[in-house]
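The same chain A turns up in both complexes below, where it pairs with chain B and then with chain C.
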Partner chain A sequence: MSHDVIVIGAGMAGMAAGVRLAQAGLDVLVLASGQGGIPLAPGVIDVLGYAPQRVGNPIAEMGGFVDLHPDHPYAKVSLADLAAAVDWFKEVTAPLAYSGSLQANQLMPTALGALRPTALVPETMRAGNLAAGGDLLIVGFTGYRDFYPSLVAENLAAASLDGAGSIQARAVEVGIAGDPRALRPQLLARSLEVQAVRASLGRAIRAELAHERAVGVPAVLGLEHSHEVWSDLEDLVGLPVFEIPTLPPSQPGLRLMAVLTRALRRSGGRLQMGTTVAGATASNGRVEAVVVDQASRQMALEAGHFVLASGGIGTGGVAIPPGGQLRESIFGLPLAGAPPDGQPRYADHYFSPQPLDRVGLMVDAHLRPLGPGGAPAYSNLHAAGAALFGATPWREKSGDGISLATGFRAAAVILEGAG
Partner chain B sequence: MRAAPLVEFDVRSSLDHCIKCTICESACPVATVTELFPGPKTVGPQAERFRAGAHSPDTSVDYCSGCGVCSRVCPQGVRIAEINSRARAQLKAERGIPLRDQMLARPGVLGRLGRPVAPLFNWAIGNSAMRLLAERTVAIHHLAPSPRVVTRTFSYWMGRRHSPEARRKVIYFHGCSTQYFEPEVGKQVVAILEHNGFQVIAPKQDCCGLPLQSNGIYPAARQYVTRLARQLSVPGTEQLPVIASSTSCGLMLKREGLEILGVDDEHLRDVSRRTYDIFEFLLELHQRGELRTDFQPVPLTIAYHAPCQQQNQEIGKPALDILALVPGLRLVELDRYCCGIAGTYGTKREKYEIAMRVGEPLFADIQDASPDLVACDSETCRWQIAKATGVTSVHPLEVLYRAYGGS
Partner chain C sequence: MTQFETEVLVIGGGSTGAGVAWDSALRGLHVTLVDRGDLATGTTGRFHGLLHSGGRYVVKDPSSARECARENLILRRVAADCIEDTGGLFLTTPLDDPAYADRFLQGCRDADIPAEEIPVAAALRQEPRLNPRISRAFTVPDASVDAWKTVWACVRGAAALGARVLPYHSVVRLVVEAGAVQGAVLRDHQTGAEVTIHAQCTVNASGAWSGHVAQLAGCEVGVVPGKGIMVAMNHRIVNTVVNRCTMPGDGDIIVPIRTVCVIGTTDVPVTDPDAIEATPAEVASMMEAGEALVPGFSQSRALRVWAGARPLLPKSSPGGDVKDTRDVTRSHSVLDHAERDGVGNFVTITGGKFTTFRLMAEDAVNLVGRKLGRELECRTATEPLPDSESQHYYWIGARQAEMEADAADDPLICECELVSRRDLQVAVARRPGAQLDDLRRALRVGMGPCQGGFCAFRVAALLHQDGHFDRTAANQSLRSFVEERWKGVKPISWGDQARQIRLDEWIFQGVLDLEHVPE
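Then we have the complex of A and B:
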């Protein structure tokens, strides 16, 4: 039994490609060695946040950005692809009601009280856009170790909006049901799905309000019923309420992963987690099968097309043998951007530009990874996301947009029959 | 084109790969519902650093249900569930093992003792006064699901019939549950395999030791799994596939005996490589075009739950692939990690409520799907689901058996 497409990786790139292909009626199997990166991230969609100055309008900035970085993954997709991917994402994640556009970044508070320029946010964060300033009450929970409201409030009050307004923020801590020593985000999210628990939280917050116009809380407003928890809390407080990302595990990230997984399944696709792809077989320039590790054997899984969305160094998509040459982990594809042998791989300071920053696969216009000779290594292998050469997502705040756009584009290429 | 791993690492040293991302904590079905379990990362990769040559820092690891979801979702390959299983065994070795756990860990002994007095045994299991007594004396929750023993075991039935000679043969590892509680499952396995042209050999066999392992009783578990590997290594059948219809027991043979218990045994290594889950085996047949598909329509809605130990075999969901071939069947895939029972975990007085909370999302999905039947490969999960939802729960084999015309 052969699948139409096997996608390797269940991060944003893999899920975008997988869901899109399944929706088009293809038989899709998504393989992931573990849970992908989505639940680690805050659940917002960064497209282009810094270039290198803070970006206000990502789509207006993109042309110049790509001219400066001709090997960047964004150079492999058109603006129309990016726009289509974003529209599609909003549609697929309709239960989470993402808002925002490619024309205007929103400035969202982080767990440290910094401002994150991001394109799309779920409804539970919508009121947290501080691009025009705000007067905020930042609420923490007594005993909860993953969120410090005064850290958030003090840093927000000191943040610069480039003259577009100002932020006032005041921190309070309120008590919440449960043993304060055992407050964890997943327990809080679940307990707030009980009406009585959020009613009591709502009353406690209301009692603390002075002149503020909006209320920021840690992002634990439910898991499966976040709309209900959030809108109910807004009613109880009587003001807009928004979530601020916490340390992982991220409930907004888990919600997004759940919605994408459901979309995949409803379209007939399947996600197989805990499956390590150990290698592959190929002939005549085509990948025939990937070889996966099972509990006591290996097995070959065949497909017509393959999407490589296994990520970069952080997620095992790129292997760094001690002293040896960097390589792509599954197909042994050559990597661009690696420092030559003998040259340093790490810079002294964590936040300096790192020699390994942009390591990844070079691809052609159809997102096919190039082999040693510079031609596509396999006609039916496409790569997407953090596996691609040329980006520094954490510095550019571009990771979600790259993954979404290239995952969506890889699916389009397969559907167009270019493979 | 196989890329060799850069560094081979064993269960314990895999903790050095933990990047504290907490994906396991957010996926853990237990940590999500109780404050008593701080989560797999906390009791595993973190607490493990305090355990080398020392006592466990606390006892909360005993609230791990052993479902293994943490290891499956870990993107870094940390053997979290395996580390925690070993930590529990160390804890039990230090603090002693309650009588209750000694009993629950030996379903074969319970079956052997219960079978001759099955009516009495089954009456006691169904009697609320007796169950309250059992809860007070041996701490088995009075509402916990429990099977009924049969008077005629599977091996009794198998011994009195003759599997027709065939060129292709398989060894059948039926497990304790099929032997003492659900012989029908075994009869259906035999019928399906024979229908597909296999001669079925079911050698005398005892418990695989999985319940001992999950109750932290390692020395006995090692003896059990080693004994079973020898029993299944019937002379002259060294190349034959070993087919398991119990998912957790199959996983014990495939990996856990070697990896978690650290058994170093030639027979076990050999059996491990040729053990197949029954649906994994049938799917491979189908992929080679050798599965008979003379199916009759089965006009039912069936909700399928892949149990955690089945998922930990890393074979996908072959039961879904096979049942998709049956005409008339409407299949609903239930996409939840765990039903809560986790073998014997949810039967324990102090863990019953936790197990029921773990299962709530699955039970709710089942109610939403309002199926005619639930299909699930694992016996204890079937008992838990049936008890919690009131929906008849069967091994997916039973559905296939009906499709082949069995009744």
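Then we have the complex of A and C:
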């Protein structure tokens, strides 16, 4: 059994590459060792948030940023690629109605009440862009332990917008139908898909309103029917309503993964979860197959092209054995950014830059990972996303953009036949 | 400026100080206990969690072994709620001298420690992860003990009898007049105010810091801090305390405690008990040492590393050079400074082990009683601590049983350690000024496999919601929590622990953006 492309990893990079390739008519298999990383993330698309100062206009800052960081993954894709990837993403995820642009970051509230710059947000979060200030009611649900409206409201009200406006915010807690001990985010999200539950919530929120102009709630507005849940709640409340992402599992992340998975399958692609790639076979400078662990044996899966979107340390794409050398865990590709033996791997303070922050694969202009000699290790292997050297996504707030742009570009390179 | 009187001022809120407070209060003395930080954050909060049977010392330090054996029985009677009766095993591994085992058995007999040889096959059935090449096995009454529970039980008991307890109060100076310590001037860290305490007798129970405190009265106490590191593993690899049957060495004990197990330890003399850190080489040697008892140990997931400083008082002259702290006795010393240094009303109690804290306190309070002319009987060997009246040992399933019986409206805040919202509220009601780290010690939130990745945010935000923290205190407490936790996880950031760290970074920095909450 052979595929046109095997994509290793079902995070944003793997899914972007996989869907793009499948849409172009190729036979694509996406492998994920777990369920993919998208459900851990807030469900927005960060392009460039801090460089290291807060970024207002990612496209305007990108040139200077890449000059300062010539090995950053954004240096491997053009601005045109990035813009094309963003437009494509909005199309593919049309049911979730992402909005935003590369010219103006949105400032979105976090579940701590910090303001987080991001480029694209789904419709359920749109009214939460606080870049120009706002007058908000922040609503928590009694017994839901992943969201605390009073801290969110107080921190938001203390935020500085550099003169662009101010934020007023007030917190309330309302009861929501259901067993308080079972208020898990997914159960909450599903219960809000029941009209009666929404109606009761809408009434409770309405009763609390004073002069506010928008209402923030935890990100549990449905799982499969978020459009219906969100727009109905807005009607019931009579004001714009926006979700605030909180601890994983992220409902907006799960929705995004579901939409991308459907897009993959509709185009004839396959997603196989719970499949760990243990290694690969190669000859004549080409990867022949990846080897996966099955229940009682290993199996070789062949393809013409491979996309390595296996992530970094967090996903096990880069493995750290106790007291040993870091390794890229499938092909053993050379890693850039690992401190030499004997040098500390971690800085003393948590918020300092860490020696291991940027570790990953060096790639050529076609996103092919380099071998020990500096030339591409394999002619038919491309890499994308957090597997790449040079970014600190959670500090820069750049992870989704990098994954989207490099995944999209890797697909483009394969389609062009230039790889 | 605040000032007040007390009969006994106890400096140091670890197990020794808490024990002295409890013992003094039971004897009808008015006692004030102070500590520069939260209680049990010195050596007591950093030890192995082992209630010694005494087996470890039967050959090397027989008098310490006998003390441990007696105190083990007493604490099981009066502090049962703080103790999990895991039992212990001493095991001769291929790395150990087989001849030691007979000396061990004889030593246990001489010290009245009920050690019994069992077939190796029985030991392996009891603990399937043990090294199958073990040649001999002995059971002993080792157990694991919760230091914070014990200290807080002593302190609650003392407070119920009128004792005053002042955590977060540093001693600025001791008041020495007319050749005697008359009391102390303290600084309250939470308000910045000074507090003066007039005491009839002052007890220096500051453990590894006893030398520093004694200096404040012009007395010399040659305590040598002996650094020991511990590594907590992410689950109970063993459910019994397991020891190498050999002369005491590094990394030769694994203690199951609550939801984790802990391997330790090392023993290195240091000069500053506040400047102790585990080095990568020490961490590597602990992981390697575990292999002798449990093959595959070094591949298991480590959760956290920390270091503690033992208070060792060499029986040689104070200030003498100590090269190998393993050779210093583990027995304790009560120092009467009137005799040694001509400074009256001042006593230092130091050395010793957690297992013998009650006896240390008894000896200290006996001396205090003589000095005050109030010689009263010690009752701590028979009077149960608060919550230990039923004499039921702690068992690990207790939390689960409580949770299941609880009302439905009490959500779990920390899933790893089964801490509910109501538990948090009760803990805060008991300690109104509690910081996040104090609650970590009281409830064990953040001590399980996620090390606070999920629950730290919940706790900080809940405390803000309930009015215990204002906005900046909540933000700051969360930042301090992650900084503090970082010290303990970075030395063991490999394998799955490295992945957990990245997940936590995604949560704290990616999702919550803790770094950018407004000041």
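Here is the rule we go by: the second predicted complex is superposed on the first by the 419 of 419 C-alpha atoms of A that agree within 3 Å, B and C clash if a C-alpha of one lies under 4 Å from a C-alpha of the other, contacts with A are read in each partner's own complex, and residues count from 1 in each chain.
The rule we apply is simple: a contact is a pair of C-beta atoms (placed from the backbone, for glycine too) under 8 Å apart; a residue touches a chain by one contact, two chains touch by 3 or more.
Worth saying up front: this structure is predicted, and the values here are computed from it rather than measured.
Chemist: Between chain B (first) and chain C (second), which, if any, makes contact with A:Y148: first, second, both or neither?
Modeler: second
Chemist: For A:N129, select first, second, both or neither according to whether it touches chain B, chain C, the two together, or no partner.
Modeler: It touches nothing on chain B or chain C.
Chemist: Touch test for A:T118: chain B only (first), chain C only (second), both, or neither?
Modeler: Touch partners of A:T118: none, neither chain B nor chain C.
Chemist: Answer with first, second, both or neither: which of chain B and chain C does A:P321 touch in the superposed model?
Modeler: Both partners, chain B and chain C.
Chemist: Could you look at A:A282 and tell me whether it touches chain B, chain C, both or neither (first, second, both, neither)?
Modeler: first
Chemist: Touching A:L40, do we find chain B (first), chain C (second), both, or neither?
Modeler: In the superposition, A:L40 touches chain B and chain C alike.
Chemist: Classify the contacts of A:S403 with the two partner chains as first (chain B alone), second (chain C alone), both, or neither.
Modeler: In the superposition, A:S403 touches no partner, neither chain B nor chain C.
Chemist: For A:S329, is the partner it touches chain B (first), chain C (second), both, or none of the two (neither)?
Modeler: A:S329 sits against chain B, while chain C stays out of touch.
Chemist: Which of the two partners, first being chain B and second being chain C, lies in contact with A:R395: first, second, both, or neither?
Modeler: So A:R395 only meets chain C here.
Chemist: For chain A, what residues appear in both contact lists, the one with chain B and the one with chain C?
Modeler: 40, 179, 247-248, 315-316, 319, 321-322
Chemist: For chain A, which residues are in contact with chain C within the complex?
Modeler: Interface residues on chain A, with respect to chain C: 40-42, 110-116, 143, 145-146, 148, 150-151, 154-155, 158-160, 179-181, 183, 245-248, 250, 312-316, 319-324, 345-346, 349-351, 393-395, 397, 399.
Chemist: Name, in rising order, each residue of chain C that touches chain A in their complex.
Modeler: 280, 284, 287, 298-299, 408-413, 421, 454, 457-458, 460-462, 464-465, 471, 474-475, 478-479, 482-483, 485-486, 490, 493-495, 498-499, 502-503, 505-507, 509-519
Chemist: Could you please specify the touching residues of chain B with respect to chain A in the complex?
Modeler: So the residues of chain B touching chain A come out as 1-3, 6, 21-23, 25-27, 31-33, 35, 38-39, 71-77, 251, 254-255, 272-273, 275, 283, 286-287, 311-317, 321, 333, 335, 361.
Chemist: Using the touch definition from the top, list the residues of chain A that touch chain B in their complex.
Modeler: Going through chain A, the ones touching chain B are 1, 29, 32-37, 39-40, 178-179, 182, 184-187, 190, 224, 247-249, 254, 261-262, 265, 270, 272-276, 278-282, 291-297, 299, 315-316, 319, 321-322, 327, 329-332.
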